[in-house]
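The chains carry the letters A, B and C, assigned in the order they are written, with residues numbered from 1 in each.
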Amino acid sequence: MTTTSPAGAPPAPRPAGPPPGRTARLIAALGPHATVLRGAGGLLTLIGALLPWATFVLNKGPYPDKATLQYFVAPFGVTGFRWQLLLFGIAALVLALAPVPARGRLLRGLAWGIIGIAVVNGLFITVEGGGLGAITVTDGSVACGAVVTLLAGVLVELGARAGGIEPRPVWTWRFGPWVERAVLVVVYVLMLFVVAATLTSGGTGGAANRYSGAVFLSFLAALGGAFAALHASGLMTWVATVAERHRVFSVLVLLAMALALPLTAAGNEYWMTVAANIGVYAATAIGLNIVVGLAGLLDLGYVAFLGIGAFVAANLSGAAAAKFDVHLPFALVMVISAVIAGMFGAVVGSPTLRVRGDYLAIVTLAFGEIFVRTAQNNIFGLTGGSNAIPGIPQVELFGTRFSDRIAVAGIQLPAGVLYYLLIVFLVAIVMLVFSHLKESRLGRAWIAIREDEDAARAMGIRTGPIKIMAFLCGATLAGFAGAFFAHKTGTVSYESFRFTESVTLIAAVILGGMGTVPGAVLGASLLFVLPEKLREFADYRLLLFGLALILIMRFRPQGLVPDRHRRAELARDPADEPPPGGSTAGSRAEVAA
Amino acid sequence: MSFLQVRDLVVAYGAIQAVRGVSFDVEKGQIVSLIGSNGAGKTTTLRTISGLLRSVSGEVLLDGEPIHRLPAHKIVMKGVAHSPEGRKLFSRMTVEENLRLGAYTRSDEAGIREDMDHVYSLFPVLGERRTNKAGLFSGGEQQMLAIGRALMSRPSVLMLDEPSMGLSPIMTQKIFSTIKELRSEGTTVLLVEQNALSALALSDRGYVIDLGRTTLSGTGHELLADSRVQEAYLGEGVGT
Amino acid sequence: MLATFLSQIVNGLILGSLIGLIALGYTMVYGIIQLINFAHGEVFMVGAYGGLFMFTYLLPTFIQRQWYLALPLLLVGGAAVSTVVAVLMERFAYRPLRGAPRLAPLITALGVSVALQELVRNFYPGATAALPFPRVFVQGTWEIPVPGGTVPLRWTGLLIIVLSLVLAAVLTAYVNGTRMGRAMRAVSQDSDTARLMGVDTDRVIVLTFALGAALAGVGGIMYGTDLGFVNIDMGFQNGIFAFTAAVLGGIGNLRGAVVGGIVIGLVKALGGQYLPGGTAYDYVWIFVVLIAVLVFRPQGFFGESERVRA
């Protein structure tokens, strides 16, 4: 009789990755030279910023800041991406020498910013110049700014990794409440300016300004690097905890900042219009977020509710093509639109009593298609069919039309600013409704259904009516947005409410982060701002969009702003794996390939 | 060297370790059983050996060759057959189709026919109903088919997970006597059972798994006589 | 009267058998990995464009002129293009998500669908508008005399009906009668246990995608030949119809997919003829049928209720 000794020490955890590969060995060998690498990278960034970037004259337009041989004419006129590179280079040099907490991590953020700038501009010049010669040597002119900067970025990255990437520091500073509030105000004002700068960087794209996309992407790379570095410093996390301490104050200041956007560089009619559209889709996406994010019911025809709201508003607006010859006040129209859209939501949601999961997604898709088809056929004369319903009057208040330019206290505000202010308020209200619903009894019931419908039912939650409520609430918010949409654009056509729009809304919710308040707004903003800024790639917009969906699901299914409190619906969190004995379902993630 | 060796196996579901150090040996031609209470990690161990789960650490050697990094279908080809817990028949397929799936890795039609006839002779009831859907069978018949299906790959090691689960005492007896018969034909059997008494009685060797670790081992009779085993596992099992 | 009715039946059968052919791909993939492969409609579309490319740029003139040479080559070419696309998408879009929560692959499928459509729109010469498709089959119609008139049956329509049914029968025989077919059914019933039998599930899944895609590719060629043009929207629309057909017949069930396709075809043809609103609303009736089936009989005509997934 023998007794097998119980395995003595607890087994070592599985190593994080495969055995050290070539890169890892290289990094290890570079260890002692980390400071040199970092410093050299920073210095090289400075040099790269000052070198010429193109071997030919970009004479078809003012490519930023003399990235060409013309540069030598005015060596200190450093602006645009070269100015950003200078800042990055100086920051890298300082970090290489000064003992700052988590500097490896900080440098890494900078490195990726530098690499991003070099790649975007290098690629653009190469494409514009028709080959690699454009960023190296042609006809005796030498330009190697892009190559040098790319090398610099790689050096900084290598240096950062060779010196070790420290954990992100956690700051626990506490100041008096007013000091903290002042810090928040400063941060939010800065954010406002960053947003305005992002929107205006590169100018308005299009045929007249072919450099806009490249300039914008380069700016985005710089911004990304800066954000990565800031995040690495732990300061952003600290600001987030401070904001959490002064939650109401933060929300109010953010609202004020949103209202102040027309006063910044982005305060022109073009961006006011884009922002109003973003607002419409953001409000709709928040409604969808109730259905998908909270209740976990995938709706592939959601844009129909926006359409129903818009058509209802159009018919009640007094437009010539409207079915009813009435002209109701805008506020009343909004309420009616929201109510009718909500009723349709309840109808579309009613199959949830019997249908679940993928099948439910298909049912909602079918409803969406039925909506588009019937609207296309001008059903009961309500939708105008392919003629749409044009001529919807502008919203008016005290005789001022919302599309007019106005001046307040001597400051001339851009046209459309009133619509912008209105949509900011509407989105704020919708966000408020959403966050209250989320924290309510109803919201907890939705989340319970999302996590496990059968368990929720076993707990005594009446799942049927509650699921229909999700559709009803979501659709109401969308109908609300639809009424605004009808008046803002002046024309409502079925073509605005096709399947692609529904997919875009889903993508906005997922990209932002399912079930979170800022997620849907962030997602909708990105999905509408990016195409506006990248008009040169307009043909590829949907292609990039499809690829983005695939990549997000693969690499960041929880979205940009993941919901802290939710167990992951989409993310694969190891802790979510059910304990052993859960038979086949339990072994999904662990099952060998 | 033993035919099947399991060394310091650790398996985790996410953050939770289900198996934290299981080691045992199976000699050729023997019946070896793993016993232990519900949730001790027996099924996880078998699923890891057959490649359905990946171990965190530890190794599984078949005839001295490591197989713990192979995908499941390659492990079957190496000669390990696994009849899973709950039988897991393809219930919408016929008896014959289930057996043919058992022989999926083989292409010798004559040999397959021969083995099918052998299964039918072991379990005549299957032979009588070879074109019936497996889902229509009783628990005992399903278990026979599950064992028969596992035999169809001509395994060098047959792993049976809870073959007596849910069966009447008479049917349990029948299944255990079949297992003995298989040993006499030269098949190596690794048996996982909660019915510790019956399992140890026919085993050449037994291992006790407790909370994910092998804690005791010995011949079947030694373990049956051990007071710790009697106290922990046989108390309630004796009657059944 | 009768002639009109019968002609609509004929139209319904033609569309229906094509939809059924596409539906086989949906139903097989859903049966095996419970994924609504939204991109399957695009695979059908890509097959048509692949065939068009082959005809336009690869085939010598003397083959182009002889339909009995060109048609088989196009069918094989279209099937090959569809298969390659489907295998790539399985490998790079779906396989990495195996074991992920169910919403993830569904959204990925939407992304693949959009991406494939846009790839063709942007990179196939002239694909921004509908493109003429070679009519690589006997043209003309067979006027079938019936009391009170004649029922026209296009030869290309007859080709669609016959070839679709033959291919569906071949596929059914393959799945029911061969070793790989048995492995496919095993994986769809219980993939873990199939692995214990020695089945390489990855291979079986790829094979499933490939078979469904090959049929869709053949369908794409026949669709182009029958209509005389192709456009990039053809995939989405027919894809939705085919999915509806698959659900109607009981998802996972091959025979059901074909029957479901024919029902869809008949609903569209007869609904457009006899229901209020005419052809403008024929799509609406299909979606109404879809919703009704999902709500009242989600297991479809032939599905066993145990198969219905949440």
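Points to keep in mind about this one:
In this section, a contact is a pair of C-beta atoms (placed from the backbone, for glycine too) under 8 Å apart; a residue touches a chain by one contact, two chains touch by 3 or more.
Note that this is a predicted model, so its numbers are computed, not measured.
The greatest centre-to-centre gap from chain C, using C-alpha centroids, is found for B.
Across all inter-chain contacts, the pair with the most C-beta pairs is A-C. Taking each chain's centre as the average of its CA atoms, chain A and chain B sit 53 Å apart.
Taking each chain's centre as the mean of its C-alpha atoms, chain B lies 43 Å from chain C. Mean C-alpha position of chain A lies 36 Å from that of chain C.
Across the assembly, chain A contributes 587, 589, 591, 593 as residues in contact with two or more other chains. Along chain C, residues 190, 192 each make contact with two or more other chains. Looking at chain B, one finds that residues 51-52, 71-72 touch two or more other chains. The touching residues of chain B, counted against chain C in their complex, run 50-52, 71-73, 76-77, 81-82, 84, 88, 90-93, 97, 100-102, 104-105, 149, 153.
Within the complex, the chain A residues that touch chain C are 296, 298, 300, 351, 354-359, 361-363, 365-367, 369-370, 373-374, 376-377, 453, 499-500, 503, 506, 510, 539-540, 542-543, 545-550, 553-554, 557, 568-570, 572, 584, 587-589, 591, 593. The residues of chain C lying in touch with chain A in their complex are 34, 36, 93, 96-97, 99-108, 110-119, 122, 190, 192, 202, 236, 240, 243-244, 247, 277, 280-281, 283-284, 287-288, 290-291, 294-296, 298, 309-310.
Residues 179, 182-183, 185-186, 189-190, 192-201, 304 of chain C are the ones touching chain B in the complex.
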